[in-house]
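All chains are identified by letter, namely A, B, C and D, in their written order; residue positions are counted from 1 within each chain.
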Amino acid sequence: MDMKVNIAGVEWKNPVTVASGTFGSGEEFGEFVDLNRLGAVTTKGVANVPWPGNPTPRVAEVYGGMMNAIGLQNPGIDLFCKRDIPFLKKYDTKIIVNVCGHAPEEYLAVVERLADEPIDMMEINISCPNVNAGFLAFGQDAKHVEELTAQIKKIAKQPIIMKLTPNVTDITEIAKAAEAGGADALSLINTLTGMKIDINRRTFAVANKTGGVSGPVVHPIAVRMVYQTAQAVNIPIIGMGGIATPEDAIEMILAGASAVSVGTANFYNPNATIEIIDGIEAYMKKNGFESVKDMVGIVK
Amino acid sequence: MDMKVNIAGVEWKNPVTVASGTFGSGEEFGEFVDLNRLGAVTTKGVANVPWPGNPTPRVAEVYGGMMNAIGLQNPGIDLFCKRDIPFLKKYDTKIIVNVCGHAPEEYLAVVERLADEPIDMMEINISCPNVNAGFLAFGQDAKHVEELTAQIKKIAKQPIIMKLTPNVTDITEIAKAAEAGGADALSLINTLTGMKIDINRRTFAVANKTGGVSGPVVHPIAVRMVYQTAQAVNIPIIGMGGIATPEDAIEMILAGASAVSVGTANFYNPNATIEIIDGIEAYMKKNGFESVKDMVGIVK
Amino acid sequence: MEKKKEQAKVLSQEMLADGIYSLWIETEAARTARPGQFVSVYTADASKLLPRPISICEIDKEGKKLRLVYRVTGEKTGTKQFSELKAGDTVPVIGPLGNGFPYEKAEGKKVFLMGGGIGVPPILELAKQMQCEEKQIVVGYRDAHTFLKDEFEQNGTLYISTEDGSVGTKGNVMDAIREQNLDADMIFACGPTPMLRAIKTYAEERGIECYISLEERMACGIGACLACVCKTKEKDAHSNVNNKRICKDGPVFLSTEVEL
Amino acid sequence: MEKKKEQAKVLSQEMLADGIYSLWIETEAARTARPGQFVSVYTADASKLLPRPISICEIDKEGKKLRLVYRVTGEKTGTKQFSELKAGDTVPVIGPLGNGFPYEKAEGKKVFLMGGGIGVPPILELAKQMQCEEKQIVVGYRDAHTFLKDEFEQNGTLYISTEDGSVGTKGNVMDAIREQNLDADMIFACGPTPMLRAIKTYAEERGIECYISLEERMACGIGACLACVCKTKEKDAHSNVNNKRICKDGPVFLSTEVEL
């Protein structure tokens, strides 16, 4: 039985990584989880310069999930390369660096800086606010997505995963634009934009007013989008959104994801990734699947 | 203290109605709830002719909510006018008829047929599949929404509520289109499109493959969209999506809804509407609000 | 407004066979319950909001008690959670729901009362209340775990089939009536769809009046949401299409009015 | 990999004052716990997934026991659910988390141990472990419900303030030290932000070394998600911006390094 998956030419030992922003660069969770067990570690988004992030409160609990408006706080690419990459290199796992920016130049600066770093893949978070397009994110406009992807691909030395936002009318349109731009893989979904109001204090629960909803609650929407995207493109998909159990991960794979990311679940079950890896293996054994790829997208 | 609200010229005794499709035409829930207590009853969607709906299974449970693909089964407008309207007229509550169709002509046929019926408002469900625009719904295209609204307004004799789908990139664009078309009010949100896969049977949990997610899980997304829409238009909004408690309803009102609809919660708490009406009243008393409208949209 | 969701009191819980549990609850629903009706049982788990429809297996009207016999369908399910309820706990229910078996029609008839798998339990109260000429109870199990067997023996002539042949006829309930050469002029049945389909065909070929109890996923359980429909031969007066609601118009239907 | 989420056993639960509860749990977290650290406590409610950070009020290392004293913040909250836990139940926890009070630095010093409101509990274990020249415990309550008072009296000189003036100084802890004319050359404090802000100003004006324990909404509780930051004067080495993580770098900070 083969737990290995090949995502755009990079072989992971199993199909499970962590969702960007929920696992730092692995250091803190390393006290709970053997990082060597993970197919890959996906880091918190990093920009060309340090970002201070949003004011607090940055998170709120919602029914069956959470909302966050961290605001992409990050130490900037220089410190990241000096500290976080060497830390992760000590483990036998693939390294996926999540990249953010306010404008194409900012993304490109990070991608360029990472070109010669010993990382395996880059994930481009196009849900960041696009300073050139008002309140929308890059990822909500197919034209921007295609252009940005093409620009990144020109300079990137590692395979590029474009990470899609679910806050769109038609995810397949954006997915196809990323593919047209040359993306090697896609990951989805990022958070769904939500809002919570504290009716007693009569104010927003997170300082940013809106926040991204994640956790079990977003799972059915994520599965739908992964399924639709799998029908629309020919590049591999990393599925995420509310994956908390082996069943959730398998569902995502059957819908068309070649690999999965575990996000919010880490917060309330630090062992979630390991349980999911073991659970996928048990399911394969029970159902006679030889290889993970034999399960990908078979429910049509 | 004044629980009354005025929605596009129609006075409801309180701001609570039920979400279309979750309450039939009130008859079945009449055994659990005094229909006279409701601000309004919103009926299941009705079309110009009977629709058989989708194959079963039509519903599935999802974490903290449910998914449905009923497929708008309905008895057609003729039987509806003969049976359901007279039933509702026996109660002291406003009657909102939810209207669906595959094409503009179908909507218009229903609206015309209802013009001289003793109903108070019409809610137009523009999340129905648009036969003229491929797999998208009317409600995902601003141009279609404006046109359809304008056509309906030309012949409607009752105030028109356009019901928006959340499966769009920018809800305010659609809301503004409906307003431009002459809508008297808006209601939102309809269900979020999701998917569930049964990993043991390796098939879709609902026969239609995708279904609409509703219940507590969609609440933060609904609140965000109501808030955004309230900033963008000058017509009243009926807020819905996961309202299950008085707190949920009050949150929606503070975000900008002039009234609220209770949907999925009816299924697991048939008394939800009554608890919400009483709870809003208690909150107003406790916080010194004289009138519901003093709470609408005050968190900015 | 006479109906409501109530917190039923758990009186006792017992495992009858592997994964099959018997639950006695105290509930107002018992007052008007009929065999073939069901109750919607709710979990205490905020992630599982929909009802689990469970047939009524026994009714004690005076004691306001109902017996529910159910199968745990898997780990992490609502029925798994029900199986952990203990005497003194409460469990939210709505009921009784649907129309029961029209057992009054059986008077003077030679009847098959057929149950298969987890469709067996509602046959018990039916057998207890039915007054008929000849009461032939034909129930099918997977294996030797023939739960409710003793109770059935007290309420009619019992024929058993088991899939593995460990008890009674090897095969299903149809095999049992063939092997035993049984016949009837009225049938009441509850069980998996393939079984009901076979019974429906059998009954229609012979012109026997036959009532079957159907299953479908539910959301409201009271007829409002149109989730739980089955296909009907004729246009239904309520739906105005060829559909009936299992929760409200059923779960028991005359075999000739529905399509399986 | 030495850490994990565990099912702590509830040993006892007691209401200390209106809405204030004391919970003793048995947990591995007790082995290495220090005063000022906290544990993330989780609900059993599938709709409430995030941790409730609760400070450690007392530590029994040998017995592997921790005491948590917490306020129920409202109906339908997680703390409300905690208040329903009974001896024998389990409750999921992760801990000990964060850095405690550097009480070793107090040796030979004249110290204020200040707590206000629900910031009072962690001061107890601090008082118990601290070896110093003069231990002045100054705690502020809303009213006469002066929970933990007896324990404090056994561990230092106790000064109380109450908002309604029913016990001790009327006002807050600052009013108490002014009224009693107290002074100190080191401060440890936990409480609401306005109180900490006043203490920070007081300490800085006088050049007193002062440690304060901060609060913020959390998601991971272990330093990975960057939810729970506070503003810092200097650029932080880890974040590379003027932010520190309360859960990981705190919750106790030197007053001069943070901005409130």
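Here is the rule we go by: contacts are C-beta pairs under 8 Å (C-beta built on N, C-alpha and C of every residue); 3 or more make two chains touch, one makes a residue touch a chain.
Since we're looking at a predicted model, the values are computed, not measured.
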item	value
Co-neighbours of chain D and chain A - touch as defined	B, C
B-C compared against A-C, more contacting pairs	B-C
Chain located farthest away, centre of chain D as origin (C-alpha)	C
Distance between chain centroids, defined by C-alpha means - chain B, chain C (Å)	35
Between chain B and chain D, centroid-to-centroid distance (C-alpha), Å	47
Centre distance in Å when chain A and chain B are each reduced to the mean of their C-alpha atoms	33
Per-residue overlap in chain D, given as positions that touch at least 2 other chains	46-48
Junction residues of chain B - those touching two or more other chains	63-65, 216, 247
Chain contact graph, described as a line, ring, star, complete graph or other shape	complete
Chain A-touching residues of chain D, taken from the complex the two chains share	1-5, 42, 46-51, 74, 94, 216-230, 238-243, 248
Interfacial residue positions of chain C with respect to chain D in the complex	45-48
Residue ranges of chain B in contact with chain C within the complex	21-24, 28-34, 44, 50-53, 56-61, 63-66, 68, 70, 73-76, 79, 200, 215-216, 264, 266-271
Sites on chain D touched by chain B in the complex	46-47, 76
Touching residues (chain side chain B, partner chain A) in the complex	62-65, 67, 136, 140, 167-170, 192-197, 199, 202-204, 209-210, 213, 216-221, 223-224, 227, 242, 247, 250-251, 254-255, 283, 298-299
